Amino acid sequence: MIESRIQITVRYAETDMMGIVYHGNYLPWFEVGRTTLLRENGFPYRELEAQGYLLPVVELGSKFFKPAVYDDTVTVITRVKERPLLRIRLDYEVRRGDDLLVTGFTVHGFINKAGEPVRPPVAFTEKMRELFRSEGEPAAGK
Amino acid sequence: MIESRIQITVRYAETDMMGIVYHGNYLPWFEVGRTTLLRENGFPYRELEAQGYLLPVVELGSKFFKPAVYDDTVTVITRVKERPLLRIRLDYEVRRGDDLLVTGFTVHGFINKAGEPVRPPVAFTEKMRELFRSEGEPAAGK
Amino acid sequence: MIESRIQITVRYAETDMMGIVYHGNYLPWFEVGRTTLLRENGFPYRELEAQGYLLPVVELGSKFFKPAVYDDTVTVITRVKERPLLRIRLDYEVRRGDDLLVTGFTVHGFINKAGEPVRPPVAFTEKMRELFRSEGEPAAGK
Amino acid sequence: MIESRIQITVRYAETDMMGIVYHGNYLPWFEVGRTTLLRENGFPYRELEAQGYLLPVVELGSKFFKPAVYDDTVTVITRVKERPLLRIRLDYEVRRGDDLLVTGFTVHGFINKAGEPVRPPVAFTEKMRELFRSEGEPAAGK
(Lines give C-alpha, C1' and ligand atoms only; values in the text may rest on other atoms or scores of the structure.)
Protein backbone atom coordinates (compact mmCIF):
# COMPACT_ATOMS: atom_id res chain seq x y z
CA MET A 1 0.00 0.00 0.00
CA ILE A 2 1.14 3.52 -0.76
CA GLU A 3 0.03 6.30 1.57
CA SER A 4 0.38 10.04 1.63
CA ARG A 5 -0.78 12.80 3.98
CA ILE A 6 -1.33 16.48 3.37
CA GLN A 7 -2.89 19.25 5.43
CA ILE A 8 -5.50 21.63 4.07
CA THR A 9 -7.00 24.69 5.75
CA VAL A 10 -10.65 25.29 4.85
CA ARG A 11 -11.33 28.38 2.76
CA TYR A 12 -14.40 30.56 3.21
CA ALA A 13 -15.06 30.00 -0.50
CA GLU A 14 -15.46 26.30 0.22
CA THR A 15 -18.31 26.76 2.68
CA ASP A 16 -21.98 27.08 1.80
CA MET A 17 -24.96 28.68 3.52
CA MET A 18 -25.33 25.58 5.72
CA GLY A 19 -22.18 26.88 7.42
CA ILE A 20 -20.13 23.83 6.44
CA VAL A 21 -17.95 22.78 3.52
CA TYR A 22 -20.08 22.16 0.40
CA HIS A 23 -20.00 18.44 -0.35
CA GLY A 24 -18.63 18.98 -3.87
CA ASN A 25 -15.65 20.87 -2.49
CA TYR A 26 -14.12 17.76 -0.97
CA LEU A 27 -13.28 16.51 -4.46
CA PRO A 28 -10.56 19.12 -5.05
CA TRP A 29 -9.13 18.07 -1.67
CA PHE A 30 -9.03 14.45 -2.83
CA GLU A 31 -7.23 15.78 -5.90
CA VAL A 32 -4.68 17.54 -3.70
CA GLY A 33 -4.16 14.23 -1.89
CA ARG A 34 -3.74 12.41 -5.22
CA THR A 35 -1.28 14.98 -6.54
CA THR A 36 0.73 14.67 -3.32
CA LEU A 37 0.79 10.87 -3.41
CA LEU A 38 1.90 10.76 -7.04
CA ARG A 39 4.60 13.38 -6.46
CA GLU A 40 5.93 11.63 -3.36
CA ASN A 41 6.15 8.37 -5.27
CA GLY A 42 8.12 9.75 -8.17
CA PHE A 43 5.33 10.42 -10.66
CA PRO A 44 4.25 14.04 -10.54
CA TYR A 45 0.93 14.24 -12.35
CA ARG A 46 2.23 17.36 -14.09
CA GLU A 47 4.92 15.23 -15.78
CA LEU A 48 2.47 12.48 -16.69
CA GLU A 49 0.47 15.09 -18.62
CA ALA A 50 3.65 16.52 -20.15
CA GLN A 51 4.37 13.00 -21.44
CA GLY A 52 0.93 12.86 -23.04
CA TYR A 53 -0.97 10.89 -20.41
CA LEU A 54 -4.22 12.04 -18.83
CA LEU A 55 -5.93 10.41 -15.87
CA PRO A 56 -9.62 11.33 -16.00
CA VAL A 57 -11.92 10.18 -13.22
CA VAL A 58 -14.18 7.34 -14.33
CA GLU A 59 -15.88 6.70 -11.01
CA LEU A 60 -16.02 8.27 -7.57
CA GLY A 61 -17.85 7.93 -4.29
CA SER A 62 -17.89 9.63 -0.94
CA LYS A 63 -19.45 9.35 2.52
CA PHE A 64 -19.91 12.25 4.90
CA PHE A 65 -19.80 11.67 8.67
CA LYS A 66 -19.04 15.06 10.18
CA PRO A 67 -18.68 18.41 8.49
CA ALA A 68 -15.51 20.46 8.15
CA VAL A 69 -16.00 24.17 8.78
CA TYR A 70 -14.19 27.36 7.82
CA ASP A 71 -10.61 27.67 9.05
CA ASP A 72 -10.38 24.04 10.17
CA THR A 73 -7.08 22.43 9.34
CA VAL A 74 -7.78 18.91 8.17
CA THR A 75 -5.56 16.06 7.03
CA VAL A 76 -6.24 14.29 3.75
CA ILE A 77 -4.90 10.74 3.81
CA THR A 78 -4.61 9.17 0.37
CA ARG A 79 -3.95 5.49 -0.26
CA VAL A 80 -3.43 3.18 -3.19
CA LYS A 81 -4.29 -0.20 -1.72
CA GLU A 82 -3.87 -2.41 -4.77
CA ARG A 83 -1.31 -2.32 -7.52
CA PRO A 84 -2.83 -0.36 -10.41
CA LEU A 85 -2.98 -2.15 -13.76
CA LEU A 86 -5.01 -0.40 -16.47
CA ARG A 87 -6.87 1.64 -13.91
CA ILE A 88 -5.81 3.22 -10.66
CA ARG A 89 -8.02 3.47 -7.57
CA LEU A 90 -7.27 5.86 -4.74
CA ASP A 91 -8.98 5.93 -1.35
CA TYR A 92 -9.23 9.04 0.79
CA GLU A 93 -9.91 9.97 4.37
CA VAL A 94 -10.40 13.51 5.62
CA ARG A 95 -9.64 13.80 9.33
CA ARG A 96 -9.67 16.68 11.83
CA GLY A 97 -7.42 15.44 14.59
CA ASP A 98 -8.84 12.03 15.50
CA ASP A 99 -12.24 12.76 13.99
CA LEU A 100 -13.04 11.05 10.71
CA LEU A 101 -15.04 13.56 8.68
CA VAL A 102 -15.28 12.16 5.16
CA THR A 103 -14.18 9.11 3.20
CA GLY A 104 -14.05 8.71 -0.55
CA PHE A 105 -12.50 7.04 -3.55
CA THR A 106 -11.76 7.83 -7.17
CA VAL A 107 -10.98 5.48 -10.06
CA HIS A 108 -8.96 6.77 -13.02
CA GLY A 109 -8.19 5.45 -16.46
CA PHE A 110 -5.20 6.34 -18.61
CA ILE A 111 -5.97 8.11 -21.87
CA ASN A 112 -3.90 9.97 -24.43
CA LYS A 113 -4.49 13.55 -25.62
CA ALA A 114 -6.82 12.22 -28.31
CA GLY A 115 -9.00 10.77 -25.57
CA GLU A 116 -8.20 7.14 -26.37
CA PRO A 117 -7.59 4.61 -23.59
CA VAL A 118 -3.91 3.68 -23.37
CA ARG A 119 -1.64 1.60 -21.17
CA PRO A 120 0.13 3.48 -18.38
CA PRO A 121 3.71 4.54 -19.15
CA VAL A 122 6.13 1.62 -18.68
CA ALA A 123 8.10 3.51 -16.04
CA PHE A 124 4.89 3.97 -14.06
CA THR A 125 4.00 0.30 -14.27
CA GLU A 126 7.52 -0.69 -13.24
CA LYS A 127 7.52 1.70 -10.33
CA MET A 128 4.17 0.43 -9.10
CA ARG A 129 5.33 -3.17 -9.39
CA GLU A 130 8.37 -2.27 -7.33
CA LEU A 131 6.39 -0.38 -4.69
CA PHE A 132 3.81 -3.10 -4.28
CA ARG A 133 6.34 -5.94 -4.39
CA SER A 134 8.50 -4.40 -1.72
CA GLU A 135 5.73 -4.36 0.82
CA GLY A 136 3.16 -6.80 -0.31
CA GLU A 137 4.73 -9.96 -1.66
CA PRO A 138 6.48 -12.70 0.31
CA ALA A 139 10.28 -12.41 0.26
CA ALA A 140 10.57 -15.98 -0.87
CA GLY A 141 8.75 -15.10 -4.04
CA LYS A 142 11.56 -12.95 -5.36
CA MET B 1 -41.11 7.56 -9.19
CA ILE B 2 -40.72 11.32 -9.38
CA GLU B 3 -38.71 12.76 -12.25
CA SER B 4 -37.54 16.19 -13.25
CA ARG B 5 -35.49 17.61 -16.13
CA ILE B 6 -33.48 20.77 -16.41
CA GLN B 7 -31.05 22.09 -19.00
CA ILE B 8 -27.64 23.49 -18.14
CA THR B 9 -25.13 25.19 -20.41
CA VAL B 10 -21.52 24.47 -19.50
CA ARG B 11 -19.55 27.44 -18.18
CA TYR B 12 -15.89 28.02 -18.99
CA ALA B 13 -15.31 28.17 -15.23
CA GLU B 14 -16.48 24.55 -15.01
CA THR B 15 -13.81 23.22 -17.37
CA ASP B 16 -10.28 22.24 -16.41
CA MET B 17 -6.99 22.04 -18.31
CA MET B 18 -8.02 18.62 -19.67
CA GLY B 19 -10.47 20.63 -21.80
CA ILE B 20 -13.51 19.01 -20.20
CA VAL B 21 -15.78 19.64 -17.23
CA TYR B 22 -13.91 19.00 -13.96
CA HIS B 23 -15.44 15.92 -12.33
CA GLY B 24 -16.29 17.79 -9.13
CA ASN B 25 -18.33 20.32 -11.05
CA TYR B 26 -21.07 17.83 -11.86
CA LEU B 27 -22.15 17.93 -8.22
CA PRO B 28 -23.55 21.45 -8.42
CA TRP B 29 -25.46 20.27 -11.51
CA PHE B 30 -26.94 17.41 -9.51
CA GLU B 31 -27.89 20.04 -6.95
CA VAL B 32 -29.64 22.09 -9.65
CA GLY B 33 -31.52 18.93 -10.63
CA ARG B 34 -32.47 18.30 -6.99
CA THR B 35 -33.63 21.88 -6.46
CA THR B 36 -35.75 21.63 -9.60
CA LEU B 37 -37.32 18.32 -8.59
CA LEU B 38 -38.21 19.56 -5.11
CA ARG B 39 -39.65 22.81 -6.44
CA GLU B 40 -41.71 21.04 -9.09
CA ASN B 41 -43.15 18.72 -6.46
CA GLY B 42 -44.23 21.43 -4.10
CA PHE B 43 -41.29 21.50 -1.70
CA PRO B 44 -38.87 24.24 -2.64
CA TYR B 45 -35.64 23.53 -0.77
CA ARG B 46 -35.50 27.22 0.10
CA GLU B 47 -38.71 26.82 2.11
CA LEU B 48 -37.54 23.65 3.79
CA GLU B 49 -34.56 25.62 5.13
CA ALA B 50 -36.81 28.52 6.10
CA GLN B 51 -38.81 26.02 8.17
CA GLY B 52 -35.63 24.92 9.90
CA TYR B 53 -34.82 21.76 7.96
CA LEU B 54 -31.48 21.10 6.31
CA LEU B 55 -30.72 18.24 3.92
CA PRO B 56 -26.96 17.62 4.02
CA VAL B 57 -25.47 15.00 1.73
CA VAL B 58 -24.47 11.86 3.62
CA GLU B 59 -23.34 9.80 0.64
CA LEU B 60 -22.77 10.29 -3.07
CA GLY B 61 -21.41 8.46 -6.06
CA SER B 62 -20.85 9.12 -9.73
CA LYS B 63 -19.73 7.40 -12.93
CA PHE B 64 -18.26 9.22 -15.91
CA PHE B 65 -18.80 7.84 -19.42
CA LYS B 66 -18.21 10.77 -21.77
CA PRO B 67 -17.11 14.29 -20.94
CA ALA B 68 -19.17 17.45 -21.27
CA VAL B 69 -17.28 20.38 -22.76
CA TYR B 70 -17.61 24.16 -22.70
CA ASP B 71 -20.83 25.58 -24.15
CA ASP B 72 -22.54 22.19 -24.37
CA THR B 73 -26.15 22.28 -23.35
CA VAL B 74 -26.86 19.17 -21.32
CA THR B 75 -29.97 17.81 -19.64
CA VAL B 76 -29.89 16.78 -16.00
CA ILE B 77 -32.54 14.17 -15.25
CA THR B 78 -33.26 13.73 -11.56
CA ARG B 79 -35.31 10.91 -10.08
CA VAL B 80 -36.54 9.78 -6.71
CA LYS B 81 -37.18 6.10 -7.27
CA GLU B 82 -38.28 5.06 -3.80
CA ARG B 83 -40.45 6.84 -1.28
CA PRO B 84 -38.14 8.67 1.12
CA LEU B 85 -38.51 7.84 4.79
CA LEU B 86 -35.83 9.23 7.12
CA ARG B 87 -33.46 9.67 4.22
CA ILE B 88 -33.96 10.68 0.63
CA ARG B 89 -32.01 9.27 -2.30
CA LEU B 90 -31.88 10.98 -5.67
CA ASP B 91 -30.48 9.54 -8.88
CA TYR B 92 -29.10 11.68 -11.69
CA GLU B 93 -28.30 11.34 -15.36
CA VAL B 94 -26.49 13.96 -17.39
CA ARG B 95 -27.26 13.65 -21.11
CA ARG B 96 -26.22 15.56 -24.22
CA GLY B 97 -28.91 14.68 -26.71
CA ASP B 98 -29.04 10.89 -26.69
CA ASP B 99 -25.54 10.54 -25.23
CA LEU B 100 -25.34 9.49 -21.60
CA LEU B 101 -22.39 11.40 -20.13
CA VAL B 102 -22.54 10.93 -16.39
CA THR B 103 -24.68 9.16 -13.79
CA GLY B 104 -24.76 9.76 -10.07
CA PHE B 105 -26.69 9.65 -6.85
CA THR B 106 -26.86 11.52 -3.56
CA VAL B 107 -28.38 10.46 -0.23
CA HIS B 108 -29.54 13.13 2.21
CA GLY B 109 -30.59 13.11 5.85
CA PHE B 110 -32.86 15.63 7.54
CA ILE B 111 -31.28 17.67 10.31
CA ASN B 112 -32.30 20.77 12.24
CA LYS B 113 -30.27 23.96 12.53
CA ALA B 114 -28.50 22.53 15.57
CA GLY B 115 -27.23 19.71 13.38
CA GLU B 116 -29.38 17.02 14.99
CA PRO B 117 -31.10 14.35 12.92
CA VAL B 118 -34.85 14.94 12.73
CA ARG B 119 -37.86 13.47 10.99
CA PRO B 120 -38.88 15.16 7.74
CA PRO B 121 -41.70 17.72 8.03
CA VAL B 122 -45.10 16.00 8.17
CA ALA B 123 -46.29 17.82 5.05
CA PHE B 124 -43.26 16.47 3.18
CA THR B 125 -43.90 12.92 4.34
CA GLU B 126 -47.58 13.19 3.41
CA LYS B 127 -46.76 14.61 -0.02
CA MET B 128 -44.27 11.83 -0.71
CA ARG B 129 -46.76 9.19 0.39
CA GLU B 130 -49.28 10.69 -1.98
CA LEU B 131 -46.86 10.93 -4.90
CA PHE B 132 -45.59 7.41 -4.52
CA ARG B 133 -49.01 5.92 -3.85
CA SER B 134 -50.49 7.50 -6.92
CA GLU B 135 -48.06 5.87 -9.28
CA GLY B 136 -46.54 2.97 -7.46
CA GLU B 137 -49.12 1.15 -5.42
CA PRO B 138 -51.91 -1.05 -6.66
CA ALA B 139 -55.23 0.73 -6.92
CA ALA B 140 -56.80 -1.83 -4.65
CA GLY B 141 -54.51 -0.71 -1.88
CA LYS B 142 -56.19 2.67 -1.52
CA MET C 1 -23.46 49.68 -27.79
CA ILE C 2 -24.14 45.96 -27.78
CA GLU C 3 -26.25 44.54 -24.98
CA SER C 4 -27.33 41.10 -23.92
CA ARG C 5 -29.42 39.69 -21.06
CA ILE C 6 -29.48 36.27 -19.50
CA GLN C 7 -31.15 34.85 -16.41
CA ILE C 8 -29.33 32.79 -13.81
CA THR C 9 -30.75 30.95 -10.81
CA VAL C 10 -28.44 30.92 -7.80
CA ARG C 11 -27.02 27.51 -6.87
CA TYR C 12 -26.48 26.40 -3.28
CA ALA C 13 -22.87 25.72 -4.28
CA GLU C 14 -22.47 29.42 -5.02
CA THR C 15 -23.37 30.53 -1.49
CA ASP C 16 -21.00 30.76 1.46
CA MET C 17 -21.47 30.59 5.22
CA MET C 18 -22.48 34.27 5.22
CA GLY C 19 -25.70 32.98 3.61
CA ILE C 20 -25.10 34.92 0.40
CA VAL C 21 -23.37 34.36 -2.93
CA TYR C 22 -19.57 34.28 -2.45
CA HIS C 23 -18.12 37.36 -4.13
CA GLY C 24 -15.86 35.32 -6.41
CA ASN C 25 -18.83 33.41 -7.78
CA TYR C 26 -20.15 36.43 -9.65
CA LEU C 27 -17.25 36.11 -12.11
CA PRO C 28 -18.59 32.93 -13.72
CA TRP C 29 -21.91 34.78 -14.09
CA PHE C 30 -20.15 37.61 -15.90
CA GLU C 31 -18.64 34.90 -18.10
CA VAL C 32 -22.11 33.52 -18.84
CA GLY C 33 -23.15 37.04 -19.81
CA ARG C 34 -20.09 37.41 -22.05
CA THR C 35 -20.67 34.06 -23.73
CA THR C 36 -24.27 35.04 -24.38
CA LEU C 37 -23.37 38.44 -25.82
CA LEU C 38 -20.74 36.97 -28.16
CA ARG C 39 -23.08 34.21 -29.31
CA GLU C 40 -25.96 36.60 -29.94
CA ASN C 41 -23.68 38.81 -32.01
CA GLY C 42 -22.43 36.08 -34.28
CA PHE C 43 -19.13 35.23 -32.55
CA PRO C 44 -19.58 32.22 -30.28
CA TYR C 45 -16.52 32.15 -28.03
CA ARG C 46 -16.34 28.42 -28.66
CA GLU C 47 -15.64 29.13 -32.35
CA LEU C 48 -13.10 31.84 -31.57
CA GLU C 49 -11.12 29.24 -29.63
CA ALA C 50 -11.59 26.68 -32.40
CA GLN C 51 -10.02 29.24 -34.75
CA GLY C 52 -7.04 29.58 -32.42
CA TYR C 53 -7.97 32.73 -30.54
CA LEU C 54 -8.09 32.98 -26.77
CA LEU C 55 -9.47 35.90 -24.79
CA PRO C 56 -7.87 35.85 -21.34
CA VAL C 57 -8.95 38.40 -18.76
CA VAL C 58 -6.30 41.08 -18.23
CA GLU C 59 -8.23 43.23 -15.78
CA LEU C 60 -11.47 43.09 -13.84
CA GLY C 61 -13.36 44.99 -11.20
CA SER C 62 -16.61 44.66 -9.31
CA LYS C 63 -18.80 46.50 -6.81
CA PHE C 64 -21.28 44.84 -4.50
CA PHE C 65 -24.43 46.69 -3.44
CA LYS C 66 -26.84 43.99 -2.31
CA PRO C 67 -26.31 40.26 -2.04
CA ALA C 68 -27.93 37.57 -4.14
CA VAL C 69 -29.09 34.54 -2.17
CA TYR C 70 -29.83 30.89 -2.93
CA ASP C 71 -32.60 30.24 -5.45
CA ASP C 72 -32.84 33.88 -6.53
CA THR C 73 -33.28 34.30 -10.24
CA VAL C 74 -31.16 37.23 -11.33
CA THR C 75 -30.57 38.91 -14.67
CA VAL C 76 -27.05 39.49 -15.93
CA ILE C 77 -26.91 42.43 -18.34
CA THR C 78 -23.74 42.55 -20.41
CA ARG C 79 -22.67 45.51 -22.52
CA VAL C 80 -19.87 46.43 -24.87
CA LYS C 81 -19.98 50.21 -24.80
CA GLU C 82 -17.07 51.02 -27.08
CA ARG C 83 -15.89 49.37 -30.26
CA PRO C 84 -13.16 46.91 -29.31
CA LEU C 85 -9.80 47.35 -31.03
CA LEU C 86 -6.92 45.26 -29.67
CA ARG C 87 -8.75 44.75 -26.42
CA ILE C 88 -12.38 44.25 -25.55
CA ARG C 89 -14.06 45.63 -22.45
CA LEU C 90 -17.38 44.33 -21.18
CA ASP C 91 -19.54 45.84 -18.45
CA TYR C 92 -21.94 43.85 -16.33
CA GLU C 93 -24.91 44.45 -14.11
CA VAL C 94 -26.56 41.81 -11.95
CA ARG C 95 -30.15 42.69 -11.13
CA ARG C 96 -32.93 41.00 -9.18
CA GLY C 97 -36.04 42.60 -10.52
CA ASP C 98 -35.41 46.33 -10.20
CA ASP C 99 -32.71 45.90 -7.58
CA LEU C 100 -29.15 46.46 -8.72
CA LEU C 101 -27.05 43.90 -6.83
CA VAL C 102 -23.60 43.96 -8.41
CA THR C 103 -21.74 45.77 -11.18
CA GLY C 104 -18.50 44.76 -12.80
CA PHE C 105 -16.26 44.84 -15.83
CA THR C 106 -13.67 42.67 -17.53
CA VAL C 107 -11.02 43.58 -20.09
CA HIS C 108 -9.71 40.90 -22.45
CA GLY C 109 -6.79 40.68 -24.84
CA PHE C 110 -6.54 38.43 -27.88
CA ILE C 111 -3.76 35.84 -27.78
CA ASN C 112 -2.95 32.76 -29.84
CA LYS C 113 -2.48 29.25 -28.49
CA ALA C 114 1.22 30.01 -27.94
CA GLY C 115 0.18 32.79 -25.57
CA GLU C 116 1.33 35.61 -27.86
CA PRO C 117 -0.75 38.76 -28.28
CA VAL C 118 -2.44 38.85 -31.69
CA ARG C 119 -4.90 41.01 -33.57
CA PRO C 120 -8.54 39.92 -33.41
CA PRO C 121 -9.78 37.88 -36.37
CA VAL C 122 -10.63 40.15 -39.33
CA ALA C 123 -14.22 38.94 -39.38
CA PHE C 124 -14.55 39.94 -35.73
CA THR C 125 -13.12 43.39 -36.35
CA GLU C 126 -15.42 43.87 -39.35
CA LYS C 127 -18.45 42.74 -37.42
CA MET C 128 -17.68 45.10 -34.54
CA ARG C 129 -17.15 48.00 -36.95
CA GLU C 130 -20.51 47.26 -38.49
CA LEU C 131 -22.31 46.92 -35.13
CA PHE C 132 -20.86 50.11 -33.73
CA ARG C 133 -21.28 52.08 -36.95
CA SER C 134 -24.91 51.15 -37.28
CA GLU C 135 -25.88 52.58 -33.94
CA GLY C 136 -23.21 54.99 -32.97
CA GLU C 137 -22.05 57.04 -35.95
CA PRO C 138 -23.92 59.81 -37.70
CA ALA C 139 -25.54 58.69 -40.96
CA ALA C 140 -23.72 61.45 -42.83
CA GLY C 141 -20.43 59.86 -41.90
CA LYS C 142 -21.01 56.82 -44.04
CA MET D 1 1.68 48.79 6.84
CA ILE D 2 0.81 45.24 7.79
CA GLU D 3 2.01 42.45 5.52
CA SER D 4 1.55 38.72 5.39
CA ARG D 5 2.76 35.95 3.07
CA ILE D 6 1.35 32.51 2.38
CA GLN D 7 2.16 29.85 -0.18
CA ILE D 8 -0.47 28.13 -2.29
CA THR D 9 -0.05 25.21 -4.67
CA VAL D 10 -2.33 25.37 -7.69
CA ARG D 11 -5.05 22.71 -7.83
CA TYR D 12 -6.16 21.07 -11.07
CA ALA D 13 -9.70 22.15 -10.14
CA GLU D 14 -8.53 25.77 -10.34
CA THR D 15 -7.45 25.53 -13.98
CA ASP D 16 -9.67 25.97 -17.02
CA MET D 17 -9.52 24.73 -20.60
CA MET D 18 -7.12 27.57 -21.43
CA GLY D 19 -4.61 25.54 -19.39
CA ILE D 20 -4.20 28.27 -16.79
CA VAL D 21 -5.86 29.27 -13.52
CA TYR D 22 -9.38 30.60 -14.15
CA HIS D 23 -9.39 34.32 -13.35
CA GLY D 24 -12.16 33.97 -10.77
CA ASN D 25 -10.13 31.43 -8.82
CA TYR D 26 -7.62 34.02 -7.66
CA LEU D 27 -10.27 35.50 -5.37
CA PRO D 28 -10.24 32.54 -2.97
CA TRP D 29 -6.44 32.93 -2.88
CA PHE D 30 -6.83 36.58 -1.91
CA GLU D 31 -9.17 35.33 0.80
CA VAL D 32 -6.51 32.89 2.04
CA GLY D 33 -4.09 35.83 2.17
CA ARG D 34 -6.64 37.91 4.08
CA THR D 35 -7.36 35.13 6.56
CA THR D 36 -3.64 34.70 7.14
CA LEU D 37 -3.02 38.42 7.67
CA LEU D 38 -5.90 38.74 10.14
CA ARG D 39 -4.81 35.65 12.06
CA GLU D 40 -1.18 36.76 12.22
CA ASN D 41 -2.25 40.13 13.58
CA GLY D 42 -4.39 38.75 16.36
CA PHE D 43 -7.82 38.90 14.73
CA PRO D 44 -8.76 35.53 13.31
CA TYR D 45 -11.70 36.12 10.97
CA ARG D 46 -13.34 33.05 12.49
CA GLU D 47 -13.49 34.84 15.83
CA LEU D 48 -14.75 38.06 14.31
CA GLU D 49 -17.72 36.10 12.94
CA ALA D 50 -18.16 34.32 16.28
CA GLN D 51 -18.45 37.78 17.86
CA GLY D 52 -21.16 38.70 15.37
CA TYR D 53 -19.14 40.67 12.84
CA LEU D 54 -19.13 39.92 9.11
CA LEU D 55 -16.80 41.49 6.56
CA PRO D 56 -18.47 41.24 3.16
CA VAL D 57 -16.60 42.45 0.09
CA VAL D 58 -17.99 45.75 -1.20
CA GLU D 59 -15.48 46.29 -3.99
CA LEU D 60 -12.68 44.39 -5.68
CA GLY D 61 -10.32 44.67 -8.59
CA SER D 62 -7.58 42.62 -10.17
CA LYS D 63 -4.96 42.77 -12.94
CA PHE D 64 -3.49 39.74 -14.64
CA PHE D 65 0.08 39.85 -15.97
CA LYS D 66 1.16 36.22 -16.28
CA PRO D 67 -0.84 33.08 -15.66
CA ALA D 68 -0.31 30.57 -12.88
CA VAL D 69 -0.58 26.94 -14.00
CA TYR D 70 -1.32 23.62 -12.35
CA ASP D 71 1.08 22.55 -9.60
CA ASP D 72 2.82 25.93 -9.42
CA THR D 73 3.59 27.02 -5.91
CA VAL D 74 2.88 30.72 -5.67
CA THR D 75 3.17 33.25 -2.87
CA VAL D 76 0.25 35.47 -1.98
CA ILE D 77 1.43 38.71 -0.36
CA THR D 78 -1.33 40.60 1.45
CA ARG D 79 -0.99 44.13 2.73
CA VAL D 80 -3.06 46.65 4.63
CA LYS D 81 -1.46 49.93 3.65
CA GLU D 82 -3.67 52.36 5.51
CA ARG D 83 -5.23 52.15 8.92
CA PRO D 84 -8.78 50.84 8.47
CA LEU D 85 -11.57 52.99 9.85
CA LEU D 86 -15.12 51.97 8.90
CA ARG D 87 -13.84 49.99 5.95
CA ILE D 88 -10.76 47.89 5.44
CA ARG D 89 -8.83 47.68 2.17
CA LEU D 90 -6.39 44.89 1.45
CA ASP D 91 -3.95 44.72 -1.46
CA TYR D 92 -2.66 41.48 -2.90
CA GLU D 93 0.19 40.28 -5.06
CA VAL D 94 0.51 36.77 -6.41
CA ARG D 95 4.13 35.90 -7.23
CA ARG D 96 5.88 32.82 -8.57
CA GLY D 97 9.47 33.31 -7.50
CA ASP D 98 10.36 36.79 -8.75
CA ASP D 99 7.58 36.84 -11.32
CA LEU D 100 4.60 39.05 -10.55
CA LEU D 101 1.56 37.18 -11.86
CA VAL D 102 -1.49 38.99 -10.52
CA THR D 103 -2.34 42.00 -8.36
CA GLY D 104 -5.63 42.80 -6.72
CA PHE D 105 -7.48 44.50 -3.91
CA THR D 106 -10.63 44.03 -1.89
CA VAL D 107 -12.55 46.52 0.25
CA HIS D 108 -14.71 45.25 3.09
CA GLY D 109 -17.34 46.80 5.32
CA PHE D 110 -18.31 45.64 8.79
CA ILE D 111 -21.88 44.44 9.20
CA ASN D 112 -23.75 42.54 11.88
CA LYS D 113 -25.67 39.30 11.40
CA ALA D 114 -28.77 41.31 10.51
CA GLY D 115 -26.85 42.79 7.59
CA GLU D 116 -26.63 46.29 9.07
CA PRO D 117 -23.46 48.34 8.81
CA VAL D 118 -21.69 48.57 12.16
CA ARG D 119 -18.46 49.95 13.60
CA PRO D 120 -15.59 47.48 13.88
CA PRO D 121 -15.11 45.91 17.32
CA VAL D 122 -13.27 48.28 19.66
CA ALA D 123 -10.46 45.78 20.20
CA PHE D 124 -9.95 45.66 16.43
CA THR D 125 -9.84 49.44 16.13
CA GLU D 126 -7.41 49.66 19.04
CA LYS D 127 -5.17 46.98 17.59
CA MET D 128 -5.08 48.68 14.19
CA ARG D 129 -4.29 52.03 15.80
CA GLU D 130 -1.42 50.39 17.62
CA LEU D 131 -0.10 48.57 14.56
CA PHE D 132 -0.21 51.64 12.36
CA ARG D 133 1.12 53.99 15.01
CA SER D 134 4.10 51.79 15.72
CA GLU D 135 5.34 51.85 12.19
CA GLY D 136 3.77 54.76 10.48
CA GLU D 137 3.80 57.78 12.74
CA PRO D 138 6.79 59.89 13.66
CA ALA D 139 8.27 59.01 17.04
CA ALA D 140 7.88 62.57 18.20
CA GLY D 141 4.17 62.28 17.75
CA LYS D 142 3.78 59.82 20.57
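Letters are used for the chains, namely A, B, C and D, taken in the order the chains are written, and counting of residues starts over at 1 for each.
In the analysis below, contacts are C-beta pairs under 8 Å (C-beta built on N, C-alpha and C of every residue); 3 or more make two chains touch, one makes a residue touch a chain.
In this text, all values refer to a predicted model and were calculated from it rather than measured experimentally.
When the CA atoms of chain A are superposed on chain D, the rotation angle comes to 180 degrees (nearest 5).
Pairs B-C and A-B differ in how many C-beta pairs touch across them, and the larger number is found at A-B. If you average the CA atoms of chain B and of chain C, the two centres end up 31 Å from each other. If each chain is reduced to the centroid of its CA atoms, chain A and chain B end up 26 Å from each other.
Each of residues 12-13, 17-18, 20, 24, 27-28, 31, 70 in chain B touches at least two other chains.
Taken in their complex, chain C has these residues touching chain A: 12-13, 15-20, 22, 24, 69-70.
Within the complex formed with chain C, the residues of chain B that make contact are 9, 11-14, 27-28, 31-32, 35, 44-46, 70-71.
Chain A meets chain B in the complex at residues 17-18, 20, 23-25, 27-28, 31, 49, 54, 56-64, 67, 106.
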